[in-house]
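Report on one structure; see the data block that follows.
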Amino acid sequence: MILSVRDFAIGFQREGQNLVAVDGISFDVAEGETFVIIGESGSGKSLTGMSIAGLQPPTAFVSGSIRFKDREMLKRPDAELRKLRGPEIGLIYQDPLSSLNPVWPVGDQIAETLTAHGLASRAEARKRAVEMLERVRIPDPRRVASAYPHEISGGMRQRAMIAMALAAGPSLLIADEPTTALDVTIKAQMLELLAELKRELSLTIILITHDMGVVAEVADRILVLYAGRIAEVGPADAIMLQPSHPYTAALMTSAMISQTPAKQDLNAIVGGAPGLGAFPAGCRFHPRCPRAQDDCKVIEPPRRKFGSVELACHHPIEAAMPLETARS
Amino acid sequence: MSISTQPTRRTIARPKGVLLPLALLVLVILAAFTLLPGLIAPHDPIALAMADRLKPPSLTHIFGTDEGGRDVFSRIVYGTRYSLGVAIAIVFASALFGVIYGAVSGMARQGIDNLMMRIVDLFFGFPALVLALAVAASIGRGLDSVALSLAIIWWPGYARLVRGEVLRLRERPHVEAARALGVSEMTILRRHIIPFVVQEVNVRVTTDIGYALVAVTALSFLGLGANSPTPEWGLLIRDSRPYFGSAWWYLVFPGTMIMLTATAFSLIGDALASRRAA
Amino acid sequence: MKLRNGILGLALGLLMGGVSYSAFADDASTFVYADAGEPSTIDPAKANVNWEFTVTRNIYDRLVDFDLDDPSKLLPALATEWKQDGKVWTFKLRDGVTFHDGTAFDANDVKATLDRLLKIGQGQSYLVDDIASVTVVDPKTVKIETKAPTVFLASNLSRIEMLSDEDIAKHKDDLGQAWFNENANGTGPYEFVSWTRGTQIELKRNDKWWGKFPEKPFDRVLDRFVTDGANRARGLEGGEFDLANFVPLDEALRIGTSSGFHLVEGNNLWAWPAIYLNMDLAPTNNKDFREALVKAFDYNAMVQSFQGKAEVGRGPVPSWFPGSPEKEEVEIKTDLDGAKAALAKSGLANAKMKCSVPAGFPEFRFAATVLQSSAQQLGVTVEIEEQPFVEAITAIKSDRSNCFVLGNANLSPSDATKFFSAHYLKGGFYNSGKFFDQTLQDLVAKLPTISDAAERGKLLKQAADIVVNSHYIIWTARPKTVVPEPDRIGGYRIDPAEYINARFWEMYSK
Amino acid sequence: MALLELDAVSKTFSQRRGGRAVQAVAGVSLTVGKGETLGLVGESGCGKSTLARLALKLVDVTDGRVRFDGVDVTGFASRRMLPIRRRLQAVFQDPLASLNARMTIAEVMREPFDTHGVKLGAELETRIRELLSFVGLENIDIRKLPGQFSGGQLQRIAIARALALEPEIIVADEPTSALDPSIQAQIVNLMLQIQRKRGISYLIISHDLDVIGHVADRIAVMYLGIIIEQGTADAIMQRPLHPYTQALLSAAPTLAARRQVGWKRIMLTGDPPNPADVPSGCRFHPRCHLARDICREKVPPLRATPGTSQMVACHLAPDETAQAGAEVGRARRGLAVAS
Amino acid sequence: MVIAFLLKRLVWGLVVLIAVAVITFFLSRVVPADPAAFLAGQNASEETVQRIRVEHGLDRPLPEQFASYMIGLAKGDLGESIRTRRSVSTDLKQYLPATLELLIVSFVLYLAVSFSLAVLAARRPGGAVDGAIRLVTMVGTGIPVFWLGMTLQFFFFYKLHWLPLGARFPIRETAPPVVSGFLLVDSLLAGSLSAFLASLKHLTLPAATIVVNLLAVGTRLSRAALIQEQSRLYVRTARGKGLSPNRILFKHILRNALSPILTATTMQFGYMISWVILVEVIFDWPGIGLYAYQSFQVFDYSPVIALAIVSTAGFVIINLVMDLLYPVIDPRVQSVGS
């Protein structure tokens, strides 16, 4: 296990109230896998991802444990965490334009990952930056290295971001919605690139997204978060093809637009996801769940093993249900 | 790219400790000074009382007396109306004109907009105090000419602010949506743009009152403003100058009053700004 | 690279310069005088205001001097003897006097100076404008003929500085106006060194001066321009200045009585807040109305504001002035009932008027404030406008204002007619209220021709009465001048005609 | 007769201070019939949002005509547009931003009535309630401000407002893309229901081929300011003929793709080009894997292809593209690829 | 491109300058006062006054006076000062260095202090330090500049005797020979460290007065810019790279925050020029502010117009320099002026 998260919780103090955004989740990530965290906005997926790298907001309070390569990441001084970010953990984000510093040439920013950690001299780092750009399949890497972020295209920027995240040779890449802002054709390129790099560099990837298509394409294992709690976690195939949790099932079916006959109603989940501080009692999904019963309203479902997956549901979808029939 | 689905509750800016209440208290006091000076001031602000000439602070004269034996506290109380009143008038007048000007410019065709903004630029090129000095001197001394000259240098700030806001707001989806609905340009300006602009202007106005007060008193101090024995604050400081070493209270209290007032307005402007941001 | 060169250069400069220049020469014999303004010119023919006289009086000499304690008593200066014979005055000049540039002083200098002064017609020329011609009799004798006999010529000449005819000839294109504006070559006790604009004029002592310096005189005088009265007081008190003029009264009294200082008191004309009423503009064109104002005025408040260091004036010529009829004048007192009666007679109840006050003089402003407060008791509203001097006097002269507050400015030590010429005669610059009375005009013209002092006194009284009874002026107070002098120095005396004008050559350190 | 007709419209934005002019839309012709849904799909920067604004007459065309129900409205001033606007409504991408944050829902909802002089008096509130319940918002507090509602609710409110005056057509610019996946489906369903009940026409603009393919009767594919392919939804989704359309369909990751083994997507190289710098010949040629000389030199016209209902702007279609198109379509539907 | 832009800005600057000259000229001539009376002196006759009016062209009709003034201006002649009886250009040469020295020192001090405070405040927005800095700077701005000057004089000169009352150099000492007109520079050139320190001492209070007054706005704007930049995504990226907070602040945030700070600073310079008049009056600082103020007192027009023109020109130049600086600081601003 490269990463092991136990009872991790994170929250904020707002107007004297403790608002828990992520409420006691546990999961493991194995070396070399692509672990996907799915969730809607407000589910706590990004907070979880950032906390793994020790980048939770300074105003947040945390509890539980996050162990990365047997090192406790929570409650570790930032100065030590800093040494891990870059050489051990790389991060990429949703919006590559604003995620790059607009006033520095791209190459310098990549090189900085190396120089800041004392991994290379300035000249050496600059050379390595160009190599990294080449590695992420950027044609004419020399030109791009000396270009400013606004001078290159969106796809190139995201490639440059990846180059920057991987420059110091981390084993874990946390990708927070890396494709969301990209156009369809670029998104495809990026997924392919990530897959190739993962193979070449034997990376472990934690991918955070709400795009089911992306999940389907890359996931080895999936964690489904709903309102700060784990709904379901397990192998991708099991979760995608035979979802047991009603939420997962609903997510999958509502995303299957191309499988729905044209102009017919899609399989939609009623209502909207609850916001921070407005999580319902019992099973947090129960107000929107078609299978909800009385116990769901009061008793929080415990996490249990269910086939190849672990899930938290009082009334899971029992039969190994093919996707088509999951549609009601 | 998902938008926040969580209900965003309107949060009132948390007062910065005791400062905001204190600032509001100062405001209330100033309002009382302005509206009911007769009830608050223990003495006549104008009548001479030579026997009490330049007396240090005491129970009867808490801020001491001036060279005419007049109660400095009473003069400050009565002076609120002049100093703060003029400052508020300047800011309101320039805000009013600037908002109209900026709104027209922001909504106008590019050519007209350009021309209107060039005029504003022109005013920005001027050194403010020099222009105010020249204006005040040419239309004669007095608080009214100070008000006019400061308003002349003050409005372009509002015009620029408002025009910028209008241009920004014009591109906002809700304005486009209203336009698609067929809402007329005037109504769009009135209903979909101005309310947002006003928010910005409110903050600016509040903070500016403090600055305007300082500017008014500065011109008075230079001898362009109020005339003796008007108890205008800047003039009090000017008048106190010859008694600098003999009557510290005469200098200290009017200055402190200006400082308190300006700071109070700044604090409140700040609170308004953070409330808007919330 | 560039930076390094710069530092190197700087270091080099420090090394080399360190040898040649030292700012902090220990110079105890420097006298620093804080003057209220910067001269516009140091040309004696144009000098107008105190801070210009500060320079001209010390660089140049006059033909005669006068006794500061008894202005009617004239003392020899560049002239050792003089006599009047009808329209002709003859002056015998001192021997062996040289200008700072080494040229000798003689009768040609006197003639050139007076001719030039009269031609330019500014500054103090009014003191000698009755001169018809100047004739050089011999290098040490000069003859001056006046248009009419005048007994005051010699005393008025005690204010006229003597230039060198060579200088005048050298710059004769513009009568030397450009050159004399910022250069000086006199025979006086101090020599012009430099003028740092905006900061100071530096003088140095003239060893070869014909007069006598006290023991431990100052070798170097710095005339600093400190326009702000509070700063002058502060600097004097803090020891930055040795002496300062126009120190606000309260500050002067406080500083003068604090340890390390003493007070010098004396009479003078300058700080004499008189309120001139406009004779042409309603409502002050009404004599009864003016009378009401004069009677309503709270004289006591003024005296109190001067902390008792003042008395109420009774007429145009101060009592201490040679030949003043003041003692015989009726004392002016606040008489509210009389004022009300006069106002009723004028039919101008609830009238409004405007008062222009030259800015920068707290006493003037206060006088206007007292007038306002007094007039209020009559139901008359006075609006005060404090303006720069030029603007204020323009306002009343062009009938935009009803009154004007001013001091007096008679530079002559004993010629009382000069009180009248500027203030009450037609066309006089300070006749801001446009007072005119033919009898007075005739009297003033006649006065200098009368050699009998008693006779002159009678006519002077008559002239004074005309002014007083016209209620043209409110004599708010006649304060004493109070100057704080540090104990470490001495020799300061108040010149009655010029408020405070340090005679640097009388100053010494203790 | 078409309800909304864009006839060879172009829009050129001149940039301030001598920058190069950008032709965002270059001669696009589109029609939306009564009761019909036209889906317009394209990547960012292709000019589809500008086209929506042209259709709504929020910006004026540089060239071409805009007709509404047969009336040429191209030069209409805003006052003359008013009766047209009653029949032509809009829904935008970001519901929170497109509602005035300082107006309550009640005020937002009454604005269309006020604007078009519909006086309902006491019935106003009833009408508003009706509209809101029609979009599935039965019991909301209409005195609240938009900030107090979720994105899904706000988009429903925006739709309810658009429906207030019973328009004949709604132009919807990315109506679902700002929403969470579970909410997207709700809004798609709502729009479909509205059409079924009211027979309304839609011009729906989106980058999401899934959504467009699901709701549209006809689809137009836009690339760099022009339409490169147009046809019935079925045809486009099942057998796209333009290489770009194929790439779009193929690139979009879908759930179904997970179950395809041995399927290779058509990968486009490079980025969408800059509208300020349009390539010669076929605009798509620099990214096209089939590109050859003719593509670089000659602009392919948008033309009908024999035997299909599609119009396509490609020199090589349908001969060289038809087979690949069919494969892409099958793969997308989760059907086994015939190898 | 740059040349064209420069040319355009220069032309605009010229327009502003001419406008300033026109406006101040007419404003100053509307003043109902007669400067000739000042020149003529106390007891001069009406004829003398009239003669002086003619000599100085004050009797001519306004348009004629204006025309000759503008013609002179075109030749770089700023007219003649009635009060100093010298050409205004000569006077300016005398007084400008003092003002510039004060302005530059204040400006550098202002930049340094406001920026440091902003960095401190932005470290924890809403924290105690932030609050304290905000309050202190706010109070600073609320203090009328003239009153602050007097108060500082009262404490530091009158009560504590630490600093001089005013002026540029110790009175009794000889100032270093004039080379640049900047005493700080001249004293170093003359090789006197003590003279340098003395000039610095004299600069302290006037500069502090100006700085304290501008601090609130400067700090607030810098702080806002820093906080805004701190919340930018590239900062998250930098943190993700494992950079230290200091490195992030100085290498990443700073340069991005610089342009808004510069813009704000440029605006501040305009105020600074205004405050300098008051400060020079209070501290007897022999600069153009005091010069113009004293001239203004006797309705000596030309120096007042000259001050307006010179300060406007300064402002125009600073704006121009800033415009040229933006692209250097921020590569996104490519074509200057866009």
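In this document, chain identifiers A, B, C, D and E correspond to the written order of the chains, with residue numbering beginning at 1 in each.
Keep this in mind: contacts are C-beta pairs under 8 Å (C-beta built on N, C-alpha and C of every residue); 3 or more make two chains touch, one makes a residue touch a chain.
For clarity, every value in this text was computed on a predicted model and none was experimentally measured.
Asker: Counting C-beta pairs in contact, pick out the pair of chains that comes out on top.
Answerer: Top of the contact-pair ranking: C-E.
Asker: Comparing centres built from CA atoms, which chain ends up most distant from chain D?
Answerer: Chain centre farthest from chain D's centre: C.
Asker: With centres defined by CA atoms only, which chain is the most remote from chain A?
Answerer: C
Asker: For chain B and chain C, what's the span in angstrom between their mean Cα positions?
Answerer: 44
Asker: Return the distance between the CA-based centres of chain A and chain E, expressed in whole Å.
Answerer: Their C-alpha centroids are separated by 54 Å.
Asker: Suppose each chain is reduced to the average of its Cα coordinates; what separation in Å results between chain A and chain D?
Answerer: The separation of the two C-alpha centroids amounts to 30 Å.
Asker: How many angstrom lie between the centres of chain B and chain E, each centre taken as the mean Cα position?
Answerer: The mean C-alpha positions of chain B and chain E differ by 23 Å.
Asker: Do you know which chain C residues sit against two or more other chains?
Answerer: 228, 230, 234, 237, 359, 388 - these are the residues of chain C that touch more than one other chain.
Asker: For chain B, which residues are shared contacts with two or more other chains?
Answerer: 1-7, 241, 244-245, in rising order.
Asker: Going through chain E residue by residue, note those that touch at least 2 other chains and give them in order.
Answerer: In chain E, residues 31-32, 150, 158, 281, 296 touch at least two other chains, as defined above.
Asker: Going by the contact rule at the top, pick out the chain B residues touching chain E in the complex.
Answerer: 16-17, 19, 121-122, 124-131, 133-135, 137-140, 210-211, 214, 217-218, 221-222, 234, 237, 241, 244-245, 248, 251-252, 254-255, 258-263, 266-267, 270
Asker: What residues of chain A sit close enough to touch chain D in their complex?
Answerer: That would be residues 40-41, 153-156, 183-189, 191-192, 210-214, 216-217, 237, 240-241, 250-252, 254-260, 262-270, 272-273, 275, 323 of chain A.
Asker: Tell me, which parts of chain E touch chain B in their complex?
Answerer: Touch residues, chain E against chain B: 12-13, 15-16, 19-20, 23-24, 27-32, 131, 134-135, 138-139, 141-147, 150-151, 154, 158, 216, 270-271, 273-275, 277-278, 281, 292-293, 296, 304, 307-308, 311-312, 315-316.
Asker: In the complex, go through chain C and note every residue touching chain B.
Answerer: 228-230, 233-234, 237, 248, 250-251, 254-255, 298, 300-301, 304-305, 357, 359, 362, 365-366, 368-370, 372-373, 383-388
Asker: Name, in rising order, each residue of chain D that touches chain A in their complex.
Answerer: On the chain D side, the touching residues are 43-44, 150-153, 180-186, 188-189, 192-193, 207, 209-211, 213-215, 233-234, 237, 247-248, 250-259, 265, 267-272, 332-334.
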